[in-house]
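Presented below are the structures under discussion, each in the form of structure tokens.
Each of the next two complexes has chain A plus one more chain, namely chain B in the first and chain C in the second.
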Partner chain A sequence: MRANVLQATVEKRGLVFDPRTKLLLLIAMTTFVLGGAGQKSGFGGIVFSAISVILCFLPFLLLLAAKRRKAALRYAILYLAMYVIFIFVTPQTRGILNFFILGTSGIITRFMPSILLGFYVVSSTTVSEFTAAMQKMHISEKIIIPLSVMFRFFPTVGDEFRCINQAMRMRGIVFGGKNMSKMLEYRLVPLLSCSVKIGEELSAAALTRGLGGTVKRTNVCEIGFHMQDWVVFLLCATAYFMLILSKFGVL
Partner chain B sequence: MKNEKLMGKDLINIGIFSAIYFIIIFAIAMLGYIPIFMPLICVIGPLIGGIPFMLFLTKVKKFGMILIMSLIMGILMLLTGMGYYSIIVGAISGFIAEMIYKSGKYQSAGKAVLTHGVFSIWMWGNFIPLFTNSEKYFSTRQDFGQEYIDALTSLLPPWMFPTLLAACFVCGIIGGLIGKSVMKKHFIKAGIV
Partner chain C sequence: MIEMNNVSFTYANTEACILEDISLQIKEGECVLLCGGSGCGKTTVTRLLNGLIPHYYEGTVSGSVVINGLDVTKAELYETAKYVGSVFQNPRSQFFCVDTTSEIAFGCENMGLESPLIKERVAEAAEKLNAVNLLGRNIFQLSGGEKQKIACASVSAMEPAVFVLDEPTSNLDMPAIGDLRRTLLAWKAEGKTIVIAEHRLYWLKDICDRVVYMAEGKIAFDIPISAFLEFSPIKIRELGLRSLSMEALHSTKPPSYGAEEFTLKDFYFSMEDIPILSIPALTLPQGSLIAVIGENGAGKSTFSRCLCGLEKGFRGKVLFHSALYGRRKMLEKSYLVMQDVNHQLFCESVEEEIRLGMEGENKEKIKGVLADLGLENLCQRHPLSLSGGQKQRVAIASAILADKEFLIFDEPTSGLDFRHMEQTAKLLRSLQGKKTVFMITHDPELIVRCCSHILRFKQGRVAEFYALSKETEGKFFDFFTQS
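Our next item is the complex of A and B:
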């Protein structure tokens, strides 16, 4: 079986951030890059485009710091290429071609940073780190457990789906195959039934770790804010401060 | 009713089914960047989402599980940049869905279908900013091009707002029926339910 790229391991991780910092960064990313908050013109426009450029550059740095050079490089090349197309090629085209190119490059430049950051967050946070961070934020156990199971479960679903996909391709249940109408059913049903099985195993494993007990659980995982966290925190705080300023018309 | 409190096993079940449900919805939502599919998310989402959700309902035996799943969907939408509206809508619709399923003592099959109909309304929450604050919404999507915005505006006139809500509910019910028949065909025979 091939090594799972989405599962975080504790060894050789490079620079480690607090999960709370990553969460904050993710929210900032979705507001400013994905959501495109802030002004578009005047001095404020320059400030906000600077913020979003910095934010777009961050996943690259973070992936480098987490020793995922290949992913970082791929991201940088694709993003830059799309950005160049977006800036230089789109003004030259008209009509349907413009619609197509603008759509593709616009969507990719907007979504890539957030998706990459999401990938970074999931791949660099262990489940116990995540749980520890959520506990420090005083979130109810009823939300923490399902969420941490979800994070643990996403890569598994991906793996299972890939295997099911291969099996179904062998039986000709693919796009353009002879059994196209069965595509959805023949993928969802096996996925669901094996997920239920995995769920039962997970519950059993969790029980042995005292998840069902009545006492408060402890966590040996050490998390805390370091130098690098403060840098990211400061960046996000500045961005939100600017947003508030522009809401009141100061900028 | 010997044990009313949610145990680890229940919470893990919520996590697993939320993960599957979210992946399916996310895949469908990706289609939304083709303008015509944007309003259709409210149709396709509940239709396909019914299959995992009906299976989830067979695991629900205690109060709170549907509500928590609904809230988690809202939180994930916030994290993926769809705004905070779906948390609010999800909290309300999740609570109503919970009450409906509870009134059937967590086993009535007919109520389960209705539950999925109500539960599906959280998806509608994502569309609220499109209607209440459409100028701001589109100003943040300038990069997609004027053609995209024009196409979307013509696809989503104001009367679509209540229509989408109804679409979520109706398709949720149809999705629930689909889910039930798939369950009958596959899962009950296999002894999973």
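Our next item is the complex of A and C:
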């Protein structure tokens, strides 16, 4: 069976971050790169574009550190290509072509870093690390358990989806085939029925192992902040500090 | 240790009584086999023991189920979980974590044990079940047998007094069953009480102390294993049970050779530069039923996906009727009936389902196929509302009507009792001569009932290919008994 993209492997981890650090980084990324917060001109403009460049560079580093070289390289190449197009090609074109190129390169340079970081977070965090982090943040079990089930379910749904896809191809239900209009329905019906069944069996298994008891759950997973976490923390803190400064008109 | 007194049970929303007045006493350290055909109520008994009935699967229970002094029909599930550990049928859907170490720790974490103690228990359980090499792995990348081992270890770490297993070998191959056997022996040596509901019996001969045979929700007999082993093969068959030993199996019919042949060419496939499949050329008889056997990871599933044209980047060809079929043509001409048939039923009615892949309208042909497969009366039903065997038949009907030449079955009889297995075998036999059928299976009983040829894989290569006959029977059984 092929490795699923959305699941954390414990075997070859590389550099490990605390899930809370990853969450903070994700928020910073969406604020400054996706949301484009901060000033656009003057000295502040330079500061915020520097922050955004550093943040965009981070998914590449993190993926490298997590030993996902292929994904890291693909990201770097695509991002740089789009960035170059955005800066150098867009001013040269006009009309619809300009509109089209500006749109694609603009959207990709803005969205891709956040998407890649999201991919990194999901693929590098195990369920137990995630629950441990949530517990440390004092979030209620009522929220933690459903969320951790969701984490557990991603790869399962992926597996099911792949099987159904294969079955559809064998029946000639493909793009450009004769039953194209029904592709969504044909995919969803078995996906739902299989997921419901697995979910039911999963809950039964979890209940017979004592999930939902009155005692406080222990978690053997050790998480904590290390050097690498502080570096990321410092970076995010600086970014937000700058944002506050600029709001007060200091920068 | 376990005391069931006059227990009757009816599932909510149904009329039929699943269990009727069951009384069963099991002493500490005893290992009891629950057997009987599908729907006899043995799974229901296991669910009563681990408390899933009536707390998770709802219904009306009368009588009492007392384990270690605790009435599990009244106690909360997490209380019962301390005394009763459960292992289920499907290895895919009984783990909660994504990595093995946290999974083994999961039950102990729920009990709120201290962290160092949990670590100790995890190490101990892994050691005991010979699963140390599996620690710290991603569960999604384990084989079915390895997953089942982790499920056992996870339960074992909680150190319950009673182990309840519900058809644990349904999805396992021979070496994995061997592993499970060793696990049960280890538990037994510790004096644990074991209750196991199973179809396959031969591997339990020297583990179980008692055999409880159930029929229609009642206990038909409850005898020591020594008396059970004296039953003749004919009696076992009459009871609708799987064979007790390999020796009872014999190839039942002479092999038939298809007159024509087809050739697989350049069946090479690698994943991430690791060669998985390597068959330069292989000539096979057309219209035969070929059993594809071999250990887990020998390349059987990759072979079937390549044959169906499902692997992009696969360059092999099939020489069929002097035409060379490429990957796309094979996708048109072959059909894989998956282990979980639910993945391949898309439509709202059986009729719509089987017409999906058809070219043009041909009422006569549809009628004929429906009659052949005994589906006439189910035409308007929703495919997902059918039983497992019926679903399988719908999948076969749709493949026949879509004019497929090659049918590939992935474990068609996993988890089936004797009667249903025989039905499937009959169904597969009826395809002989019409379609070429490949069958990936770990079920020797199924093979001797319907297959004409054996194709054995080893490390991605064809280890041997032979027609199944009186002369070749020996090496066939050797493969299944060696583990």
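As a working rule, the second predicted complex is superposed on the first by the 247 of 251 C-alpha atoms of A that agree within 3 Å, B and C clash if a C-alpha of one lies under 4 Å from a C-alpha of the other, contacts with A are read in each partner's own complex, and residues count from 1 in each chain.
Just so we're on the same page, contacts are C-beta pairs under 8 Å (C-beta built on N, C-alpha and C of every residue); 3 or more make two chains touch, one makes a residue touch a chain.
All figures in this text were calculated on a predicted structure; none of them were measured in a lab.
Of the two partner chains placed by the overlay, only chain C lies in contact with A:208; chain B stays clear of it. Of the two partner chains placed by superposition, only chain B is touched by A:30; chain C is not. Shared-chain residue A:216: touches chain C; no touch with chain B. Once the two complexes are overlaid on the shared chain, A:159 sits against chain C while remaining clear of chain B.
In the superposed model, A:189 lies in contact with both chain B and chain C. By the document's definition of touching, neither partner reaches A:227: not chain B, not chain C.
Contact with chain B, but none with chain C, is seen for A:150 once the two complexes are overlaid on the shared chain.
Once chain A of one complex is fitted onto chain A of the other, the partner contacts of A:171 are limited to chain C, with no touch recorded for chain B. Looking at chain A, you'll find residues 152, 185, 189, 193, 198, 202-203, 206-207, 211-212 touch chain B in one structure and chain C in the other.
Interface residues of chain A facing chain B in the complex, by the touch rule stated above, are 26-27, 30-31, 34-37, 40, 86, 90, 98-99, 102-103, 106-107, 109-110, 114, 118, 141-143, 145-150, 152-154, 157, 184-185, 188-189, 191-193, 195-196, 198-199, 202-203, 206-207, 211-212.
Across the complex, chain C meets chain A through its residues 50-52, 55-56, 76-82, 84-86, 88, 90, 92-99, 101-102, 105-115, 118-119, 122, 136-138, 140-141, 151, 154-155, 158, 271, 305, 308, 310, 331-332, 334-336, 338, 340, 342-347, 356-357, 384, 398, 402.
Only residues 1-4, 7-11, 126-128, 151-152, 155-156, 159-160, 163-164, 166-173, 179, 182, 185-186, 189-190, 193-194, 197-198, 201-221 of chain A touch chain C when the two sit together in their complex. Remark: chain B residues 6-9, 11-20, 22-24, 33, 48, 51-52, 55, 64, 68-69, 71-72, 75, 78-81, 83, 139-145, 147-148, 182, 186-187, 190, 192 touch chain A in the complex.
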